[in-house]
Amino acid sequence: MAFSIAVQEQDFDVGREYGELIFGDTAAGAVVFFVGRVRDTNYARDVKSMSLEHYPGMTEKILQQILDEAKSRWKLIAARIVHRVGELHVSDQIVFVGVTSVHREHAFQAAEFLMDFLKTQAPFWKKELTGQGALWVEENSKDVGASLRWNK
Amino acid sequence: MAFSIAVQEQDFDVGREYGELIFGDTAAGAVVFFVGRVRDTNYARDVKSMSLEHYPGMTEKILQQILDEAKSRWKLIAARIVHRVGELHVSDQIVFVGVTSVHREHAFQAAEFLMDFLKTQAPFWKKELTGQGALWVEENSKDVGASLRWNK
Amino acid sequence: MIRVVFLAQLREQLGAAELDVPVGQIKTLADLKTYLLLQNSSWSGALSNPKLLSAVNHAYVKGDHVLADGDEVAFFPPVTGG
Amino acid sequence: MIRVVFLAQLREQLGAAELDVPVGQIKTLADLKTYLLLQNSSWSGALSNPKLLSAVNHAYVKGDHVLADGDEVAFFPPVTGG
């Protein structure tokens, strides 16, 4: 469980994910996690729900690669990525990233890195059901910029 | 509850803190939190337990100021700081910082800022019970450096 | 055979999710695209989108790439998860 | 009266947590320190530590600071929470 990923339709429980991340550990002084949720507004469109599609097989492989890259860059004790797929509604949880480390700067940086790379590398696509109909979400140039800053 | 602080002896429940932070909210697409825990090693000393002292009155005032400063710098929807005092043991939770925002970069930056300023401004002191006796924790120059990067 | 997969908006634009293509003269990703356009002239708009990404056997590839029997090739728009 | 508070390691070094000092001729933080050292010569080592921080009425102060009757003044080492 120290380093793991999950792609799933069902919701995740943040308290439980946190508990499993630190279970039995006495060295991890710092735990950082990120939760992404479906918000009711995106690019000025009112969002009612969304469907999240992915590319089974490649998704898991890419998430594992991102995790391995974070392990090689920072001193991490444990890390986990959970990403949901399928039909999601406003306020639903989409993604969980949790990282533990001895030092908080490693945990913070690794968590941001994981999110930036997940956003630009992992093969997920969102289609939003909005007041203007069903619309595929466009690539976000801010996300591309955020991921570029990690280039070595 | 949107912006709140707590200084308390009792433990906190991360799942519950998370739930209260996002309760009723449909705009917060990004939630970042940090949990600091008592680790079993600090500066190469084996730690058995610690006592956390603070300066009642000033602590709450400083934590509120740090929260206000974060609100003024980033677009936040909610934020919370919980810090424990008293006797703590290895693996115990010490501090919780949670931030929600529409955008993840704001949530990440605000959470790091809150931790950096809490570490260098809030009047808490740790005394560790180690294999070498009871020792007051020394100021960490890395924390001072981390807080200086936020100077405008 | 080469398994070809279209995802997300591209799948909707082409009206196709997956198809198997006989290897025949297809030696590279560029050959495969040429083959697909010859078979389905109405696909040229969507398949020529310069933003499209490609993966061979679940790994991103840029530019041209040698293909082999049994490969899985995917075409999809920029990703938007997280 | 001025309420004086010592915290953490400093409290242990001085063997005192709190004391009330009559305002008298004390007009500033520097006056207060001088008064404390005159009253307790054994405190000079710990109270002269250049790393000590000061707060007046729960707000950090740097350098000298005017004091008034009823103020609460705290001295403490660098903080180590979080």
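Order of writing sets the labels: A, B, C and D. Residues in every chain begin at 1.
We take it that contacts are C-beta pairs under 8 Å (C-beta built on N, C-alpha and C of every residue); 3 or more make two chains touch, one makes a residue touch a chain.
Here the structure is a predicted model, which means the values were calculated and not measured.
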For chain C placed onto chain D, the superposition rotation in degrees, Cα atoms, nearest 5: 180
Chain B-chain D separation of Cα centroids, rounded to whole Å: 27
For chain C paired with chain D, centre-to-centre distance based on mean C-alpha positions, whole Å: 74
Whole-Å gap between the CA centroids of chain A and chain D: 49
Where chain A touches two or more other chains at once, by residue number: 36, 115
Chain D: positions in contact with at least two other chains: none
Which pairs of chains touch, using the document's own definition: A-B, A-C, B-D
Residues on chain D engaged by chain B in the complex (per definition of touch): 5, 7-9, 51, 55, 58-60, 74, 76-82
Contacting residues of chain B [partner chain A, same complex]: 13-16, 18, 22, 25-41, 90-91, 102, 104-105, 107-108, 111-112, 115, 142, 146
Residue ranges of chain A touching chain C (in the complex, touch as defined): 36, 52-55, 57-58, 61-62, 83, 94-95, 115, 118-127, 136-140, 143
